[in-house]
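Chain naming follows the written order as A, B, C, D and E, and within any one chain the residues start at number 1.
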Amino acid sequence: MSFLNHLISGISLGSIYAIIALGYTMVYGIAKMLNFAHGDVIMVGGYMCFCATTYLGWPAWMGVVLAVIVCTALGVVIERLAYKPLRMAPSLAVLITAIGVSYFLQNAALLIWSSNPKTFTSVVTGEALSLFGGQMQISKVTLVAIAACVVIMVALMLFTGKSKVGTAMRAVSEDKGAAQLMGINVNTTISITFAIGSGLAAIAGVLLCSAYPTLMPTTGSLPGIKAFTAAVFGGIGSIPGAFIGGILLGIIEIFAKAYISTQLSDAIVFAVLIVVLLVKPDGLLGKHVSEKV
Amino acid sequence: MAMLEVTSLGISFGGLRAVDELSMKIEKGGLVGLIGPNGAGKTTAFNMLTGVYRPTDGGIRLDGQNLIGKKPHEICKLGVARTFQNIRLFSQLSVLDNVKTGLHNQITYSFAESMFHLGSYRKKEKQMDEKAMELLRVFDLDGVADYKAANLPYGKQRKLEIARALATNPKLLLLDEPAAGMNPNETEELMETIEIVRKRFGVTVLLIEHDMKLVSGICEYLYVLNFGRLLAEGTPKEVLSNPEVVKAYLGE
Amino acid sequence: LTGCGGSASSSSDSQNSGSDSTASGTAFKIGGTGPLTGAAAIYGNACKNGAQIAVDEINAEGGDIQFELNYQDDEHDAEKAVNAYNTLKDWGMQLSLGSVTSKPCEATAAENYSDRIFALTPSASTVAVTADKDNVFQMCFVDPNQGTASAQYIAEQKLGTKIAVIWKNDDVYSTGIHDKFVAEAKTKGLQVVSDNTFTDASANDFSVQLNDAKSKGADLVFLPMYYQPASLILTQANAMGYAPKFFGVDGMDGILTMEGFDPKLAEGVMLLTPFNADATDEKTASFVKKYKEQFGETPNQFAADAYDCVYAYKQALENAGATPDMSAEDLCDKMIEQFTSMTFDGLTGEGMTWDETGAVSKSPKGMVIKNGAYVGM
Amino acid sequence: MNKLKSYAASKRGRDTLLCFGIVIIAYIIVQAAIAGGGISSQIKGLLVPICAYVVMAISLNLTVGILGELSLGHAGFMSVGAFAGIVTTTCLADAIPLAPLRLAVAMVVAGLFAAIAGVIVGVPVLRLKGDYLAIVTLAFGEIIKNLVNVMYLGLDDAGLHFSLVNQNFQLGDGGKMIINGPIGVSGVTKISTFTSGVVLILVTLFFVLNFVNSRTGRAVMAVRDNKIAADSIGISTSHYKLLAFVVSAAFAGMAGTLYAMNFSTVTAAKFDFNTSILVLVFVVLGGLGNIWGSIVAAALLTLLPELLRGLSNYRMLIYAILLIVMMLFNNSSFKVRLLEKRAMRQMEKAEKAGGKKEGA
Amino acid sequence: MAMLEVKDINVYYGLIHALRDVSFEVNEGEVVALIGANGAGKTTTLHTVTGLLPSKGGTVTFEGKDITHKPGHAIVKLGMSHVPEGRRVFAGLTVAENLRMGAYTRPKNEIPESLKMVYERFPRLEERKNQAAGTLSGGEQQMLAMGRALMSKPRILLLDEPSMGLSPLFVGEIFKIIEEVSKAGTTVLLVEQNAKKALSIADRGYVLETGKIVKTGKASDLLNDDSIKKAYLGE
């Protein structure tokens, strides 16, 4: 029974990582940049929802909508101001700018909302699902997070695989110049990517804070790194990979704590990651693109 | 004994049999062409010869030494150098440094000398400079020695690649479409250069090329691949008039 | 959105007013470093605000002793804390409030010692902060004392027999309390059945730790940590239907006033804390009122400790007859003399005294949360 | 042709000169200022950390700029070096009373340990590509942090005692805990000085510049530009990748010692992801592969947040904005044009000079 | 008025002045060849026309519209298609996906027909339609690049060395295709090393030398020009 309980906890934690990782991987897959500010957009999403429900007394769903709208706009603005001018620059330059944006968002949040942690009221209410006569509990947030993950994953896969904008995104990710020659507006396409990624970040933020209800200006940064790890674990750029990577990372983390040592759990999680990548150098579901010689 | 002996070489990609039962023999000092339609498996054959791909069947021997299973850099040290169909230069290095990098295993000094710039460092570096400039002069690239390789036009990049390959002092030089992107005059020059190089550096050359003027002009012997298999072999005259080759490759 | 921004604007205003309120040369320059940005910013800002209120009060009285306060950001990092300390030194700091958090304070305390600038830290609680330094004092309990006191308290009051401990193993404060608690628990016959950790990187999910405690039948869970992770633990324990007694330390203070926190979750939680924002005595009530007015939040123990530090300085300076034109070194000697001899009454305790090591002696109050408020045990 | 070659050589020479020049001139100015009393405690306190970060930036530039692999765990090597250095100086406290010598010995030991860590990390990591490699370096950085965090190391008459997770040894009389698990190290005797920092920078520069301008360095850069081609001309890519990585780790280790011996206390948590990122920011802002750029960027960006202290609450916000603006400026067409103009002038000058020589 | 008019464009790569006052025009329905040695600036010219490189001064006009400062994708939408040097296929996408990308600007319902047309011309592509484009052989990639450009049904087609890396059989094929496309009403601007072949199907030609147009005229005249014969035709 404790095994199952740990498994459930792992999946709960993993589903949160997964939902963040989906946004990460989406932006990475198209714009080919590690958007280290993603975690902080998540934090902004959390605060938006918090403000809407706590200060303005809006219903939860309106809070979520507000968060999505604000984050989407924020994502586009960040992209336009901070990343677009670096389109021709080496990708590391964009990475550093993203870090600058991350600092900026954290410190702006600190000035706006102060450093005191807020307790987030979960947007998902209702009794936990109780199994085996109460011996096992699956919270509603977990169920919603998993459902959201699956829906988002499928939607993203359909979108990038089937829609016109989606195919344009894939072309842009391969070769921006050649994509332009196909008549694709590269800048618009990348903006759309950021809009979607940031919108997802808002949802992730709301779910993260619902599951682990404290909110501080730094709330997003560590889950952001974990989710980045999860995305790489699953094969960065791969949408189902982000989902699986997230869930597995959550399970590994919980199992490491439960069965080995809470003191060494961080090291164990990362050690597993390394071993997996050594066996599968492109992550679990990453496409192996062998360069033709 | 032939210098290079390839016996029933084969490789598959997924379901595709890219090269099958390929056997070749190249004598020392020879200049041999490998031709065939697009997608016939020529580049793949080069990749197996240089250790980039590991063949699923067959054998490769250079001067009697087995090359199968060796890493690309080991094969290079044994005396095989190549150029690439899609040019692969060290794009951020200068033209001169590209060639000096080719001299890596020719003129050596130790790691300690690298770190301290002591001992033979200066002497060896000077030797390298001289040797590299000499090679660049052969290809008429000495004027752009200081350019970043990435900024050269296509044709010059091709020449630089050959110069770099030669710097490794190979016994066998593999050229993958050296004349691609060159106009007839430049091709002509290149043919002369290849001849000069062959004489001066005593290398054996195996080249892939679609330019028949070059192929018939300098190759002594030809192998024709089609769908991964050997379709014909012989002197250019024989091969180029072979009706099957005409049908599959030359057209008209 | 303006609704959310209320607290920030007022805090920045007050900060400026503080340092300008008195002309320099006629006031004692007090400096402190603490995390004003980053993950630990809660603690730094609380101290800064608490000290600010005390300074404003004292200056408004217009007595002989006037203060000028300067708080510098150290981002909860030893290196930055030394930088911040040096900035304060350039500014002309005469008396120091050390640093807010333990590790940075260890670094600045070494500087205090070699520069002969007296330090009284509100909240840096490891032994190493004061060890071998005659001029560094603490306003808070030393971690080991808290650990020992907690174990003794639990044993004496028979609050539980099977104990689970959850602590943060990349944090000096938490580690220090944990180590002493476990040692003392053994001698007091308490059984530590479950002993688990977390780190910054895994500070969200506590299901494993709680499951372990639950399955081992722990009837009391000891939480030597700050209130932010503690609030998560309480929430998660509640969600899994696990309701042991929870026992916290001074860092737990602040949990009831967390914006949006459901106090019901903390019902029955016990903690040792020197400060109670709900106390009805005049001093506390006035402090809490002012704090709320200025910063829009309820003060926690950090703020109160910092407030006390300033008043302790005031008392010591008065006793010593010190004047602002004295050098930091002279003041240092005077302060050492005063602090080892005086008794001080503050928000966080009555009749506080200090020994030569710099550790404070004040009795922690056992509190229990009932109906969303602290009640003495 | 000779002209061109001499132009290249002179450019290389100029860069070398620039690197050493910046450091030595900065040293002289600072020493003069200290002697004249015209330097604030704030700046004085920053000198050693700046030196440590400069060395970190130079060494990371070797991995990121010269080798072309993104490392997000460079602070891990700094950590190894810091703790190795502390242990060494503590053990040698009596044996070598002369502090600078003790520091130097500690740095060498730290460099060695970091190099060993570099090998352990490098062998598996360097088989990966691009961002996968980056995440694994990040992972190793975190693992190193986590391990040091549960490490207990004590010294008494019987020698060193060591355990992981729990302190399961008792120290004899007069024994001393050196590394105390999460509590880290306390009461370090500070022996790092600005002079020792500058010496370390100069040593690092000497080796790194020599490395880059040698056969080995060219091989590393060739691997960066085109792995397959490098393989094809007989360069063992894995060997040279590892070599560059380990050299880079070794210098990071030395920087770690320099850093650690400047504070009375050190914890593993200091050398986390954020520190790795900070150093990466120095490298990228200074320019990939540009050594003097790393020096300037590391010094500038370490100073910047301190100089912004006057802005109180807005300090880190402004810092973030400045960081973004600097990155944007660094890659703007405006700067490109400036550089072009400068290059044009230099080329003209070189031509003129060359013409004169030929004419004479 | 000419369909494509290039006037006095100047292009720099940093310090290198790659194009100097280059002017030429292409009339509707024509095949115009642009020839020149390595590094003459042919690729640079095409890149400038399709907006991948900026020109300092000068103008590029397409069907009366000034496109000098238009972004590349907008130019393509006007009906221009460019087969770039080095093929630039989307290596990670399959052959079929690459071809679909070519028809990005066109309505969905017209795509199947064009696909069929391309597959007819290049049967090898149909055989390999699910193979990742990056693993195709050099010549196969060249076919794909050409096919992809045809998918957009352009009014003007810019070709940068379309015969490079193709077998003799296929070189003939490619030139036949160009002629067909031209007959079907598409204007063609052709950059080729194989100047003889290029001029033999072209109406007019321009000769580019170190960034300057040095000669122009009817293709047949150029073919017979002695200096050109010597410099570019290898006779």
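FYI, a residue touches a chain if its C-beta (ideal position, glycine included) is under 8 Å from a C-beta of that chain, and two chains touch if they have at least 3 such contacts.
If you're wondering where the values come from, they're calculated on a predicted model, not measured in any experiment.
Visitor: For chain C and chain E, which third chains touch each of them?
Guide: Chains that touch both chain C and chain E, as defined above, are A, D.
Visitor: Enter the minimum step count from chain C to chain D; a value of 1 means the two chains touch.
Guide: Minimum step count, chain C to chain D: 1.
Visitor: Using the touch definition from the top, list the chains contacting both chain D and chain E.
Guide: Shared contacts of chain D and chain E: A, B.
Visitor: Of all the other chains, whose mean CA position lies farthest from chain B?
Guide: Most distant chain from chain B: C.
Visitor: Could you work out how far the Cα centre of chain B sits from that of chain C, in whole Å?
Guide: Taking the average C-alpha coordinate of chain B and of chain C, the gap between them is 73 Å.
Visitor: Find the geometric centre of each of chain A and chain B from their Cα atoms only, then give the gap between the two centres in Å, rounded to an integer.
Guide: 47
Visitor: Approximately how many whole Å separate the CA-defined centres of chain A and chain D?
Guide: From the centre of chain A to the centre of chain D is 32 Å.
Visitor: From the C-alpha centre of chain B to that of chain D, how far is it in Å?
Guide: So the centre of chain B lies 41 Å away from the centre of chain D.
Visitor: Name the residues of chain E that each touch 2 or more other chains.
Guide: Residue numbers touching two or more other chains: 135-136.
Visitor: Where does chain D touch two or more other chains at once, residue-wise?
Guide: Answer for chain D, listing residues that touch two or more other chains: 142, 146, 149-150, 228, 313, 316.
Visitor: For chain C, what residues touch not just one other chain but two or more?
Guide: 11-12, 36-37, 169, 199-201, in rising order.
Visitor: Touching pairs of chains, all of them, please.
Guide: A-B, A-C, A-D, A-E, B-D, B-E, C-D, D-E
Visitor: Going by the contact rule set out above, which residues of chain E touch chain D in the complex?
Guide: For this pair, the touching residues of chain E are 14-15.
Visitor: What part of chain D is in contact with chain A in the complex they form?
Guide: Touching chain A: residues 64, 70, 124-125, 127-129, 131-132, 134-136, 138-140, 142-143, 145-147, 149-150, 165, 228, 273, 277, 280-281, 284-285, 288, 313-314, 316-317, 319-321, 323-324, 327-328, 330-332 of chain D.
Visitor: Report the residues of chain B in contact with chain D in the complex, numbered from low to high.
Guide: 50-52, 71-73, 76-77, 81-82, 84, 88-94, 96-97, 100-102, 104-105, 107-109, 111, 113-117, 121, 124-125, 128-129, 133, 142-143, 145-146, 164-165, 167-168
Visitor: Please output the residues of chain D touching chain B within their complex, sorted ascending.
Guide: Residues of chain D touching chain B: 1, 4-5, 7-8, 207, 210-211, 213-219, 221-222, 224-226, 228-237, 243, 289.
Visitor: Residue numbers of chain B touching chain E in their complex, please.
Guide: It is residues 13, 36-40, 43, 85-86, 151-156, 177, 180-188, 210, 212-213, 248-252 of chain B that touch chain E.
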